[in-house]
Structures are given as structure tokens and as C-alpha cells.
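Note that the chains take the letters A, B, C and D in the order they are written out, and that residue 1 is the start of every chain.
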Amino acid sequence: MRSIVQQLIHGLLLILGVTLISFLLMVWFGPDQTYTLIGKNATAAQIAEVRHQLGYDQPFVRRYVDYLTGLATLDLGASNSSGEQVTSILKRTLPISLALMLPGFIIGNLLGMALGLLAAFRRGTWSDRLITGLSVTGMSISFLIIIIALQVLLSTPYGLNLFPVRGWQVDSISSYLTYVTVPTLSLILVTLGYNTRFYRAIFVEESSREHIVTARAFGASPATLMWRHVLKNSLVPITTRFMFSIPLVVISGSLLIETYFGIPGIGKVSFDAITSGDQPVLKAVVGLTAVLFVLIQFVADFIYRAVDPRIA
Amino acid sequence: MDGAPSNLDPARASTIYANFLAVNLYDTLYRYKYLARPYELEPNLAESLPQISADGLTYTIRIKKGVYFVDDPAFPQGQGRAVNAQDFVYSLKRHFDAKTQSQGAWLWQKRIVGLDKWKENGSNYQQEVPGLRALDELTIQIQLTAPYPQLIHTLTQGFSAIVPREAVAFYGKELAVHPVGSGPYRLLSFNNTAAVMERNTRFRQEPFSLESEGFNPNLQSGYGLQQLEGLVPPFMDRVEVEFIAEDAARWNAFIAGELDFVKVPVSQFDQVLQSRDPPTLKPSLASDFHLQASLESGFVHTDFNMADPRIGYHPDRVENARNKALRCAIIKAFDWEKRNEIFYYGMGQVFAGIIPPVAPEYDPDQNKIAFARDLDAARLLLQNHGWSAENLPELEIGFTSSVTERLMFEQFRSFLAEMGYPQDKIHPLTFASYGDYAQAYLNREVMLMTIGWTMDYPDAENTIQLFYGPNASPGSNSANYNNEEFNRLYRASSTMQASASRTKIYREMNRILIDDCATISGISRRLILLWNRKLALLPDRSFLGGHFFRFAGQRENRQGTKN
Amino acid sequence: MIIQRVLEQSVGFLRSDHERGTVRDGTWSRLKQDRTGIIGLFIVTVFFLISLGVLLGFLGQGWSAADGGRWESASSNHWMGTNLLGQDIFQRAIFSTRTAFEIGVIVSLLSTLLGALLGALAGWYNGKPRKTWIDGGVLWLTGVLDSIPFYLFVAAVAYALQGWPWAMHVAMVATFWTATARLVRAEVMRIRSREFVLSARTIGLPAPLILFRHVLPNTLHILFVQATIAFVAAIKTEVILSFLGLGVQDSVSWGLMLAESTQEVLAGHFNNFLAASLMLFLLLLGFNLLADALQDAFDPRQAAL
Amino acid sequence: MNKTALSVRNLSVTLQTGMGLARVVDSISFSLQEGEILGLVGESGCGKSITAAALMGLIPSSAGIVKSDQIMLGDKNLARLSEAGMRRIRGNEMSMVFQDPLTALDPVFSIGSQLSMVLRRHRGENRRQARRSSIEMLERAGMADSQRIMQSYPHQLSGGMRQRVLIAMAMASRPRVLIADEPSSSLDVSTQARILEQFGELGQRFGTAILLITHDLGVVAQVCDRALIMYCGRIVEEAPVKSLYSSPAHPYTAGLLAAVPRINSAGVQRVRAIPGLVPHPADLPDGCHFAGRCASADTQCRTLVPGIQAADGRNSTHLQACHHPLPSASHED
């Protein structure tokens, strides 16, 4: 009970910090949208007018507090550039980002786990060396390179020319597949190296524990060792990685993929919001990410307790 | 389309992209004829061209009867009601209501009697504006403070499109994504990558007539336009507009057959063109596509910030002269030919000054020396005014950091380097977003700024005002150029109707500006448009704007077109 | 003089300290045995020499001269052809090595130092049983920074520091230090309970002295590895930022070249892309291999697994 | 009752170490009688634990090579057995107790499940049966509230408790042979004593033969019937505990004994440590590996490997491997 209260406080402090820092960066020092909103031949008076409507003339504290209250009451306001309600923007874009990123994210992790398990299991053999070698290679290729290469290879006349170059005109499973394939592949390729490596390290660590030897000494089969003892003991680090990369993948990862492939997801929206200084959108995205993080911490903590008796 | 509108509210339709859609979703009083070149005005929602009083101050316009807004929840029982004169009055007033965040108000500022005053009094729509009244259901009357020959042109733009007050009341800010108009199309869906429009079934029935649209059989046959004669626009049931800013991506989408109409990115010109002059298509494409190469209705120029004593006006007469020499040298060192070759595939049109080729007042036989490169002359100028590698000022060249802008900067730097300007004295002043760039130069903080200007109407007044002293920043005169003679001539010409004598004045102003070396100018980019031969269409990216959508027909029965 | 003796003793403890994970003679020999590690080291050294050559003005000086035609293909005077402006792609790729090292060194150095400092303070003043505000503060800050979407944060910083050429560096340092801090904190907490530290404390040596003379040196192994990792991350991030137009301002970099290439490849001009991505890949590979080797060398137990 | 439970012929283990191949166990042979407790004694690093691992077949082929003429467990020759076959042996006919009870149990499974897992594996019992018999076992191992222990997780038990659990686990399927690798060295003295007693009882009750691996001659004296002295992978002396203590034949054994502090009429004796260090298994000296540290070593010792033989003047089961064995103590008095 006490720990839950502590967590709540901790979570609130976190949200406070995230919002404060990002508010400072993205709003206070962030780009000024006034000049994209004024028309040709604007007069000083009109400029002042726009600034006032954007609330730029308010003092820092006032604006920050408004932000927090807005966040707390889920009243996120409307985009400055399009005038669309931020909530409806999120409703529109978030599903797209999820549909876009989740397949790659999940496949990437599962594949990484599988390879990591294989490598850990065949520790020291050629297959282990091959896998680790490949993962290092993978880690050394820039995201951008992978995207460009895949696009050229899969979506242009210079390559197989199988998929649309960009965009997101999804109205059916088939169209979904055609649009999601290349981004998903890039995402997998980009993360696979890191995942494999990470999971291998964990499995190796766990499978080299004393109690594994004991289990063997009591006749446990390799399968039992891996699936029962190693996997269950690895659950904590695995959940941690899995859970905490969700928000980052959905925002940071989608940001690049979506700007490159021109997909109207949360990532593109928030990047456009940065470049155009569309603060209501920015504030919403960042604020909600922070909240998401806190929630995830709760869930993760819950899972820890479930899988590891030592965490009371 | 090569860019995305952020906003479909006509009052904020400042980009050509927004304008493109606005004029299809909303009605404007006037438009330009589909086919007539040079451009001719044609009544759109208006019944006929306005009656203008002798003193040129009073415009009386009647609008067509029985025009309806599209059905929308904004209206009682969701029934679109008839459009009336009050709607126009209201729509123009909106620009003078701070809440609207209008980007087009400048077109009518201080032009219409009482309108600015109305704003000062708090934009109360109950209040009448003496200069902007609806005489009856269908009659509009506009009173000008001074003759404003360009007024009727402004009434062709998306800015002047007619918005029902119910929609504003109903959607508020969200009007930007829920357009409610009386245009040929209505919106199905809109986001930052695509807009889908369908035929507005209640759009007024006006059969298409080649003759009245100014059809020119010699030049415009072969596009299948004739077969549309007598049919009722809009011919398309459904139009999808995809916003693809990235050139290569847009082109590949087109090649992949995802688009029927595209603006060819410069990087693809050599893949597309058989010959540059006259522009002809590669045979492989010619079988499927039509080509049209036209100049943009605007130009790109790089201004010196005249308010900056390091390069512009200087209180001290000698220094002032030296700065001018420096500017002129830089202009002479600028290799327009190469710029054009590299970035516009040699197909842009370079010209001297600020009257671009598309403007009726353009002087086709102006002397080419004014923009020919002459390094020796440039070096000599520097020498004579005591400029040397040591004492040349640090140059800061502003641009928004995109790949192309950066390359342009590097090229510019190499031009100056060839003149002997030390490379390490030329710095980029990059801005991550256009907003910040604009903010900087509108606050006169940028030494050299490159600006693209899209003309609002076919009248060089629209570009000349860019250097009218009183328009200095934050006005559109971002060079902060200020020349008494120039200003006097501008004032004189501003109230004149188009005429040979006015053209003469325009050209005189152009000469003054060139002599003062206030701007490195300029080039009008060539737009190469490709569209599927299945379409019966003759597109236009300049003044006609999106108005041509309604005339896009198809030669075979094939639903929908993508742009 | 008694103090004197005990002090020697405590330093003696330090010398005789053979806990795993401290820099010691064995490291180098183990490193030498690691073939891939040597390869990595070799690659990195080569690139470093290149960047040195650029810095001293032997190499890649012609990176900005636009003396070729547009998109010339490889030839004797343009080894990797030219870009849109007719600039020599090979020269640009070479010159970019310097840019990469500039960014990599600055970012990895600063972020690692910052991480070490804050991490060490947090770990030292973690002060069981009662926590101190220092530890709490550092933990909070790392938590906060880690929960802001990375690119969003970096982009935001880059914007906030408009046009300032170091914006990118600041942004990266501000985010990269947290990982190091966490590790160092843990390590310091481990070390501070070891007897040589205890003895040093019992004789009342000033905390800072102990921390920086005796404790931090024992975290060097972490710092080395983290530095290499930060280096890799920095270079990779530069690429993305340059693509987004927030990266290198007044120079050329592989990121910028790749950004250029995004528009060219689809038109069938691959030189920019190939040159940049090849160099980038090799350097990153070198560093990753080196990082692994270091990790193993410092941490034989893990390596043995 | 004098049936042989386990007999080992020429068991050798070669491992890949940082300094190259090392023969850490060098063709050792010994046998183990039912109900007997045999001590395997030596300094750390002499190959005791490796021997144990090798017997259990726990040394992965990637780590090292295990060779032997035969390892007879009853009538089965483990040397010829496949991995799958070994799995059926491990924890069943031959099981093992480890040094550190803290890490030897899987932290994320309850004691109960870990115990019954073994039973279900080897005795094919279902959940309920396995659970019941586990409880029995814990009680037999002298643990009062076995119910609670079944549900509790390793980290909730004391070291001694855990070790008892492990022993219970090891005895679960009444093995012929139990290998105990330093079972008590990580425990405090009193627990140690109790654990060792437990071994004694087990030996008696089930006739299980126990191979007790330790570095502590005190422990050996306390519980073992016979002892093997191991040095650098070789067995240097094998004898009944009495005879070994009364008159060690190998100088190394003597050295070990001398290093054990004991109190007798003459009061506290000063401990004499063996000079020098144990050589690294990768570069062992030729001949007798102990020669380097031996006072009476000569050229023969440095060249010729001493064979194991009866130590003269002592009972026939006392064997030793030294060119210059110490005179039997019995002659002197």
C-alpha cells in the first residue's frame, strides 16, 4: 500500500518534470508560430493580435499552469495551424501509428528473442558467432540507410518495385499490408541487432547461474532448462525492455518512419508540430507520453511482482 | 500536389495548395477564363462583371440566383440554404475579425470605406460597414476609399470565397477541416497527406462552352476538350488530392500509376523531357501522358537587407556608396545561368528586376546584361571602392535548412568565392522552420534572404509593392528598400487602370530598383505538368489556380482522378 | 604519522584490489587476444587518421568546390563522381570523417563525464539508510529525460537553440549522459562498501578525495565502454538530425550526404548514398566491435560466459 | 554389505583454459562401497569439483574432454551412456549436493515445485503424489513445518535450510551414489555439524554411498570412512581415515595434516603451511607434481611419475603415490 502511494508521488514528479522540461524547450523557447499565421503585408498591430491569440503574451508560469490544468482535465485545445481539435487529431493519428509500428516492434522483439535464445543455447558454437556477428553488423547500419535501401530495393523501378513508395491509403487488409510492409521491414532490421544482442546477453547470464547446473544435476533436459528456468528468470529484464520501449517506439520511431514515408501518424504530426511550432499538439503529445510512461511503470511493477517472488 | 494545406478556411488559404482546394469547395464571385491567355476575368458566382462608377470608387455586383450551400449539419435540418449577398459581406468582414486570424485582410486594408474602422470598433457583425453592403438579397455594393484597379482580381481568390455564417458558428476553429461552401465539390476527407472531394450535386448547372472559356484551337486542340462541349461541370464525380512534398516520392507515385496528374520535380526533368526547347516528352511517356510547361506566376529573388548598415543604406555617404558597390558586385558575381541549370534544369526564366515574365507588364526585350554574370566587372567594382579580402564584411545568408536550400547556399558561396570573396566570411544562417525564418527577416535580422513570391493577380503592382518604402518589414518589403522616386511613382500608378502609360511607369520603377542593386533577381521557375491522356484537361498552376478542377473530364469512362 | 601509515594501507588496499571490472594489466592482453576487437581498433584508427588528415588540411579540402558537372559518374578526377552541384563526392565523404569525429568525440566525452560525475555523486550520497536529495534529484532527472521521446527532445533542443552550430551536440549530451550515470551510480554504490573505501573513510579522508582518487578510477571500465557507445549513438543521431534538417549547419557530413541522397536515389543517382553509407557503416562497425572487445576485456567473467 | 556402488577407472578431464589445454584430472581410479562415505580431499583447484562434475556428466563438450575406461554405477557403465541416458541417471541413481545453497536453487520457483519436479521427472509421479512425497522427504530431512517450506521461495530460507532442502532433493529418489561438493563449507559451524550428521544417517538408512568433496580434513575425520587425497589432478594417497591420520605416507598429506591446527597434550600446535603455491594446471612440472614443494624431492621425483601402490608398513587398503613415502608411524612407537 505504502509503495503504491510512493509510486503515485514518484509518477506525479516524473510527469511534472517531463512537462516542465518539454514546456521550456518546445513552448517557451520553441518556434514562434506567429509569422506563419500572419498574411502578406502584415502590420505590427496584426502581429501583436496573432501573438495575443496564441497566448504568447502571457507570462511563463501562467502558460505552464494552463498547460497542466489542460492536461489534467484532458482539455487539449485545438491545433494552431489547422484549427482541428487536438483530441480528434490524436484519435485520427494514434491508431495509424500503432498499426504502423506494432507489427515491426513485436516481430522485431520476438525474432530477437528467438535468435538470442538460439545463440545463448548454442553458446560458443559457430551459429552463436554468426548471430552475434550479424547483430553487431545490424547495429552498425544507420536507420536512414536501411530505410533508403529498402525503399529503393522494394518500391522503385531500380529494385523489385513491389510496394508503394510512400503514403498510407489504407482501406482494406490488402492495402494495409502493401503500405505497412516496407516500414515494418525497416523497423525490424533496425531493431533486430540490438534486440538479439540484448536478449542473448540476458539468456546467457541466466543460463550460466548455479541453479541451472543444479537443475541439470537433477536430470533436467535442455528444453526444460531453457523454457522453464532460463525464460522465467529472464522475464523481469524482458518485460522492462519491452514495456519501456513502447512509448519511444511509438513516438520516436514513428517520427522518422512517418516523416520519411509520409504517413499521417502521431510521429509525423508531432514533428510537423515542432517545425511549425504548433504548440497545442506538441504539448499534448509530450504530456500524454509522460503519463503513458507512468502508467507503464505501474504495469511493469505489477508484472515484476507476478514473475519474481524476490520482489515483494 | 507538391505540398499540403494546413487549413481549408478561405480566410487563411494563403498557400497555393490551400487556395487550390478553397476555390473548389467554396464559391468566388469571379474567376479567370479556363483557356483564355492572357488571363481574362469571368463571372463565377457573380452574374456579370461589376458595374464600376465613373470615379472608380463604387462597385455594384449582382450574384446568381438559386445557388445553394452544400447540405451540412451546420444548417437547420442539415439543409444547405441559398447563397445571398449578405454572405459575401459577412465573408469579407470575417477578414477584419481578429478571431478569424485572417491571412488575406491585407488585400482590402484601407481600401474599403469603414471596414478598418469596423474592426477597431470590435468587429460587431450587427454593425453595417458603409463601404460593404448588401443592397438586397442578390446585390452587393462596395465603396472604395481610393480607386483600386486590382479589387476585382482579389475577388477571384480563395480569400474572397463565400462562407456561410452558420458554418462558422457551428464549427468555430474547426471550420478549417469542415469546409461548408457552394463550390463545385464537397469534401469527403482531409488530413495532412490527402484530401478527397466528391461532386457537389447541387452545384449550379452551367454547361461548358469552349467559346466563352476562350478556347484557342491552334494551341489547345488535342487535349480532348472539345468533347466536353455542352456538358455540365464538374465532370468528375470524385477527386483525390494527395499532398506529397518529397519530389522523388511524388514522382515515383506517379510512375507507379497512383496519380493521374503531377507537377514533375526538377530532379526528374531529364527523365521526362526529350527536348527542353520546346519542351517535349520522351516517347515512352508521350503515349500515356500530356505535357504542359508553363512559368510559375511568381519568382524567386534574394534581397539585401537595406536596413543593415553592413550591406544596405549607410548614414555616411562614402560608406553608403561602398555598400552599394558591394551589392552590385555580388549581383554581378551571381551566376544565374548556372543556378538555373543546376536547380531548374535550365528551364527557368531569368530576368532583371521584379516584373516577372508572367506579368502583363513584363518587358520581353529588356537588356540581358542586367543579369549576365561578369566577374571582372564585379572585381573591378570592389577594387575601385577599396574592398579587399581583408575588409569585406562577414556575410550571413539566411535560409530554412532543407537539402535544396543548403545546396543553393553552397552554390552561392562558390559564386562569391570565384569573385574572390573569402569562403570563411560567408556563413549560413539557418532556420529550422519557415516561421522562424520569416520572424527573423520580418524583424530585419537577416542580411541576405531568399524569398519566393507568388503573385496574387496578373498585375505587376503585386510584385512592385514588394519594394514600396511604406511596406517595409514587417510588411512584404523585406528588403526594406526605400527610394523616394520609386515610392512616388508607385503611389502615382497604384490608382491607374492597366494602360500603356502605367506599364511605362512600372518599367521605370523596375529600372530604379535595378540601379540601386537592392535585390538579386530573379528567376521564374518552369512548371512541368504531366497528366494522364485519359483525362480531357488543360491544367494551370498559376492564376487560374484550382478553378480548372471542375473542367477536368475524362476521355474514357473511368471513375475518379488523383492529383 | 599513524594517519600516514593507515593511509598507505588504504592505498595499498586500492592496489591489491582485484575485484572484477577494474582497469588492470590483464585488460590490454585480453584485448590483444580478441581478433574482432583488433579489427575494430584498426578500422577506428584508420578513420581517426583520416579525420586527422582532414583537420591538418591534407585531405578532403576540396569538399565544397563545385568544379564538376551535375551528377557526374565516377572518374579519375572525381573518384566517386559528383553531386548535384558538381562537388566531388569522395572529397565530401572524406571530409565528413572529420565532422563525424568532431561530433563523436565532443558528445561522447562530455556525456560520459557528465554521466560519471552525476552518477558518482548520486551513488556516493545515496547514503543508505536515508536517501539524500542529491541521489533523488539525479534519479529523477534521468527518469524525466528518459521519458521524453528522444527525437522529439533532440529536435526541440535543436529548435530552442536555433541555428547555433552546437545545438545538436548539447541535445545529445543532454540525453546520452543518463545511461552512464545509472551504471556509474550502481558501481559506486558497490565500491563504496568495499574495505579500502571504508578504511579511507574511517581515517576521515575528505569525501571528494575518496570519490575522485579512489572510487571513480574503479569505474573507468564502465566509462570507456560507455564512451564508445555514446560515440556510435552520436554519429547515428547526427545522420537522423541532418536528415530532419537539424544537424550539421556549416559543413558537410555523412548525414547531410544521405539527406541529399534521399532525393537522388529515387532518380537513380546512388553515389552520394553509397559513399556516405559505406563510410558510416565501416566506422560504426569498427566502434561496435571495439566496444564489445572492451566490454569483454574489462569483464572477463561475462566474456567467459 | 560390501557391494561396490561406484567404481571409476582412469578418469581424465582436459579443459580449455586461458593458458591453453590443461589436464585438470589425470587418470584417477577409485571405487565406492554402498553405505560408505568417501572423502575426496585437496586444496582448491586440485580438480575435486571437476571430478564430481565429470562423474555427473555435467562438463559440456564445448568446455572440455572427459575420458575414462569405465565409470560403473552398479551394472551401468556411465562412460558409455548417451546424454539422454545420463539425464535418467542424474538426480535419480546418482545425485549431487552443491557448495553454495544460496545460488543452487532457482529463485523464481517455490521449494515445493522444485522438489516435486524431480520426483515427477524420475518417478513419474503425478502432482499430488509428488507433493505428498516431497513433504515426507522434508520431514525425514528433519524439517518441522514442511508445509510452509513447500510454499516458500529459496530467498525466504536460511542457508542451512536450503542445504537441507537440497539434500532432501538429492535423496528424493534414494540414489545409489550421492556426490556432495563442499556441502558445508558455506555454512556456520553448528549448521555444518548438523548437515554432516545428516549425511551419516542417510548413508546408514538407505545404504547410499557418499562421495564427500572437501578441503577440510576436519570434516573428513568427522564423517568419512576412507579418504582420497588429490593433488594437481592426481590421487596421491588413498586410505582409511584412521590410518591416514595416524601415519600419512605422502609428504603432501603430511603437509595438509600439519596445516590443521589441533590441540593435544602438548597444547596448541603451531600450524605449518606447505611452502610454495599450487602450480597452474596448464603448466604442471614433469614427474611428481608435488616435487616443487616437497622437501625430500630429488631428480627421480622431477622426472618420473610415481605410480600408486601399497604403502608399506600400513594396512593393505592404504595406498600412496610417492617415490620416497614417509616411514609408517607405527614403526616408531
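Assume a contact is a pair of C-beta atoms (placed from the backbone, for glycine too) under 8 Å apart; a residue touches a chain by one contact, two chains touch by 3 or more.
Everything numeric here is computed off the predicted structure, so don't read it as measured data.
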* Asked: Which chain maximises the distance between its CA centroid and that of chain A?
  -> D
* **Per-chain Cα centre nearest the global Cα centre, belonging to chain** => A
* To do: Sort out for me whether A-C or A-D is joined by the greater number of C-beta contact pairs.
  => A-C
* **CA centroid of chain C to CA centroid of chain D, Å** => 50
* Separation of mean Cα positions, chain D and chain A [Å, integer] -> 54
* **chain A and chain C, separation of their C-alpha mean positions in angstrom** => 23
* **Euclidean distance of C-alpha centroids - chain B vs chain D, Å** => 93
* Structure fact -> Each of the following residues of chain A touches two or more other chains, namely 31, 123, 156, 165, 274
* Asked: For chain C, what residues touch not just one other chain but two or more?
  -> 159, 262, 265-266, 268
* Mind pulling the residue numbers of chain B that touch at least two other chains? => 246, 248-249, 252, 432-433, 436
* Structure fact -> Listing every touching pair of chains gives A-B, A-C, A-D, B-C
* Asked: How about chain A: which of its residues touch chain C in the complex?
  -> 13-14, 17-18, 21-22, 24-26, 29-31, 123, 136-137, 139-145, 148-149, 151-152, 156, 158, 165, 204-205, 208, 247-248, 251-252, 255-256, 259-260, 270-271, 274, 285-286, 289-290, 293
* Structure fact -> Counting only contacts in the complex, chain B reaches chain C at residues 246-249, 251-252, 267-268, 271, 341-342, 400-404, 406-407, 410-411, 413-414, 423, 427-433, 436
* Flag every residue of chain A that touches chain D in the complex, lowest number first. => 123-125, 209-211, 213-221, 229, 232-233, 235, 307-310
* Structure fact -> Contacts from chain B onto chain A in the complex sit at residues 6-7, 9, 12, 14, 98-99, 101-106, 109, 172-177, 191-194, 242, 244-246, 248-249, 252-253, 255-256, 258, 432-436, 438-439, 442, 465, 471, 474-476
* Structure fact -> In the complex, chain A touches chain B at residues 31-44, 46-47, 49-50, 53, 78, 81-85, 92, 155-157, 161, 164-169, 262-264, 268-269, 272, 274-277
